[in-house]
Amino acid sequence: MIDKSLVREIIAKRVAKEFKDGDVVNLGIGLPTEVANYIDKDVEVILQSENGFIGLGPTPKEGEENKDLVNAGGKFVTILNGGACFDSAMSFAIIRGGHVDATVLGALQVDEEGNLANWMIPGKMVPGMGGAMDLVVGAKKVIVAMEHTAKGAPKILKRCTLPLTAAKEVNLIVTEMGVIEVTPNGLVLKEIAPDTTVEEVKAATEAELTISPDLKVMEI
Amino acid sequence: MNKLKILNEIMEHIKDGQTIMFGGFLGVGTAEKIVDAIVEKGVKDLTIICNDTGFVDKGVGKLVVNKQVKKVITSHIGTNPETGRQMNAGEIEVELVPQGTLAERIRAYGAGLGGVLTPTGLGTVVAEGKQVIEIDGKNYLLEKPLKADVAILKGSKVDKKGNIWYSKTTRNFNPIMAMSADVVIVEAEELVEVGEIEPENVATPHIFVDYILKGGEV
Amino acid sequence: MIDKSLVREIIAKRVAKEFKDGDVVNLGIGLPTEVANYIDKDVEVILQSENGFIGLGPTPKEGEENKDLVNAGGKFVTILNGGACFDSAMSFAIIRGGHVDATVLGALQVDEEGNLANWMIPGKMVPGMGGAMDLVVGAKKVIVAMEHTAKGAPKILKRCTLPLTAAKEVNLIVTEMGVIEVTPNGLVLKEIAPDTTVEEVKAATEAELTISPDLKVMEI
Amino acid sequence: MNKLKILNEIMEHIKDGQTIMFGGFLGVGTAEKIVDAIVEKGVKDLTIICNDTGFVDKGVGKLVVNKQVKKVITSHIGTNPETGRQMNAGEIEVELVPQGTLAERIRAYGAGLGGVLTPTGLGTVVAEGKQVIEIDGKNYLLEKPLKADVAILKGSKVDKKGNIWYSKTTRNFNPIMAMSADVVIVEAEELVEVGEIEPENVATPHIFVDYILKGGEV
């Protein structure tokens, strides 16, 4: 079992390895945002923020915040040299038009078909989809970054039971237990966390898992 | 034509039952002085169109808290718990729209298009009751244009003709809402002389703007 | 009969009276362009140029041309203080979206239903529609500015015989002989040129003309 | 990533049979150096997408004169008599598209939309063979998205990352074409350092641009 306090870091670090030089990436609120901290310095990734710019930079120092410059979570951020601002129609033209190479989002549930549910729990929590539906449909690669289970219950299911964010759009699931690819033949475990057994992963997963013939140990 | 008005004159255009678009993303790029004046005026039964319902004390959220909103068409209400509470209590109607679809529906009206053909929302509750159109073997949802009686914008620099330049992430929905309402009002953080914004750097051309409020920094 | 050399000036002068303060107007190439010369100084009209700007100003002096600044006919022009530039998608959002108060165009033919033909003569001249189809569909008021006849043959017909630019979109026809409004009940002669008789106008017009009960003399 | 290339490197991306979009309006905002290089290279059977076919000696018109174009999708050919001559002689296929529809079809592809619903062209030959969709009692033509293998843009100021600023009326179709081609090449009239174009004044964000040619004034 992995130290709980490291779970988020493990996931963020592993997701960060998915990007290549020049990729345009949109990181969701929460854990996905932390991915930015672990991107290889030799890899230039351009972060897109759906509220209207590219070139999202780190959090400003206290006292140096610009009231006009926030990320899609409303947090003060910076814009890197060479960044560009645009309106919401252009922002989502970029997203829906396939100009974002990868989007990283959290999930409530994800399933064998690559269906994703991450925007509401009927009767309980209905924040709205924000930009998530467009991101999941439009990005070339959809990476779900999440803890493998929620209070011990699997989140990787045979079929999502919550209202979907999008159908059949997820490409990769990264958790603290492993890396799972969504293929036309279902979910394939490609990498497994150190000190974790395939049986442990299977036990924490409701969906059918195929084990890749060249299963690797997750680099973290 | 003098578009520059004082707050009282601006407020004459805000009435019970109107549909009003508000620029802004979590309150950034929202005309706070005009929102405050609408709270003070107390007009009721508004339908508001906005990216999100802001916070209880920032952006259009203040209108929700003050129970002036009958219906909201938006992509996100999570940062303003009062919207969710009123929704669950049946006090407000909430139409949730994917953010990109919301932007494109607003643009469609302003651009004279009949609707938007988007893949976003297919296979989800968003598609319920909507027409699906197949084009070259792929399915698209037909989403209808959105218009408003009034659009309320926030401009970082506004010249006296009404040309607008937006700083950083304040642009968001403002330029498209400028195209899609009968009456368009802009709150100017900084009012500048005509010519101070280069023609190439104007984000909202003055022909869309009816009235300007000299707002100052909030 | 009116002095031929004055025909264009008469038409342009009369069209110029159609605008009110603050109107956004698009003037077509040729005769419509000349309308700008006769707009009342007290009336601020904002000229839109479909190649991408508002605030179209007069022709620059020789030697002061800017190679980057032309009108939709490719002629060097100027941009007035407070003008704004945009791309073609925005330019036609403005046009199709009803943000242009009036467009003035020439015509090959116009008919009783307000149909307009001005973009091609099959087998002879096929320049293309350019922005004309969008302008005629999108502008709030469509004004046809043209000579009443072509080589003596009527251009105002019962039905256009050439391929249409748009169906039922023309609102007003201004010629050197008079001003004709397109109404649900057909064409109504509202104004007549000085020294011209109703019979002369009717003889030069194939379409049925109703004569307005308060027919005025055209102010020029 | 170094996007800056010399003309020979740029020309490696231009091949027989490609569909190429060219920015420009009667040659204003067209990448003349790249057009000249394509004439010199002599690639054939091109399909070109452009507002107009320019003049015989300016803009994309030179490609038509040099008989490199199999098909042109455009709104106007009147200023280049050679296009009309080739059309009448059956040497070139011409698809005439209303200018606003052309712009919106290009944008639609880049924006991931399934098509455009426009009133323009209804009741004319433009509507022939196309689907008409009724939305709330009004009819609209369904026009399909347009994409290209290569888009060739002209930027007035281009920074070394590829952000573009367009002077005056040179913008026209350039920004939308930047969104709708597999390979996007910009000819920079002035190449500037990163940061010289303010983020708010960038008309084409660098993520759309693959290669930059330092062009200089023509």
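To keep things simple, chains are lettered A, B, C and D as they appear, and every chain counts its residues starting from 1.
Just so we're on the same page, a contact is a pair of C-beta atoms (placed from the backbone, for glycine too) under 8 Å apart; a residue touches a chain by one contact, two chains touch by 3 or more.
Note that this is a predicted model, so its numbers are computed, not measured.
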_Please tell me whether A-D or C-D has the greater number of C-beta pairs in contact._
C-D
*By CA centroid distance, what chain is farthest from chain A?*
C
*Taking each chain's centre as its mean C-alpha position, how far apart are chain A and chain C in Å?*
56
*Which whole number of Å gives the spacing of the CA centres of chain A and chain D?*
35
*Could you tell me the distance, in whole angstrom, between the mean C-alpha positions of chain B and chain D?*
32
*Using mean C-alpha positions as chain centres, tell me how far chain C is from chain D in Å, no decimals.*
29
_For chain A, residues that touch 2 or more chains besides their own_ = 53, 79, 85-86, 89, 92, 95-96, 137-138
_For chain D, residues that touch 2 or more chains besides their own_ = 104, 107, 111-113, 118-119, 166-168, 171, 199-200, 203
*Identify every two-chain combination in which the chains touch.*
A-B, A-D, B-C, B-D, C-D
*For chain D, which residues are in contact with chain B within the complex?*
104, 108, 111-119, 133, 135-136, 138, 140, 142, 144, 165-168, 171, 198-201, 203
_Quick check: in the complex, which residue numbers of chain A touch chain D?_
21-22, 24, 44, 46, 48, 53-55, 79, 81-86, 89, 92-99, 137-138
*Sort out for me which residues of chain A touch chain B in the complex.*
49-53, 66-70, 72-74, 79, 85-89, 91-92, 95-96, 115, 126-134, 137-138, 163-168
*Under the touch definition given earlier, write down the residues of chain B that touch chain C in their complex.*
1, 107, 109-113, 159, 161, 163, 179, 194-195, 199-200, 202, 205-208
*Where on chain D does chain C make contact in their complex?*
25-29, 51-52, 74-79, 84, 87, 94, 96, 98-104, 106-107, 118-126, 156, 166-176, 203
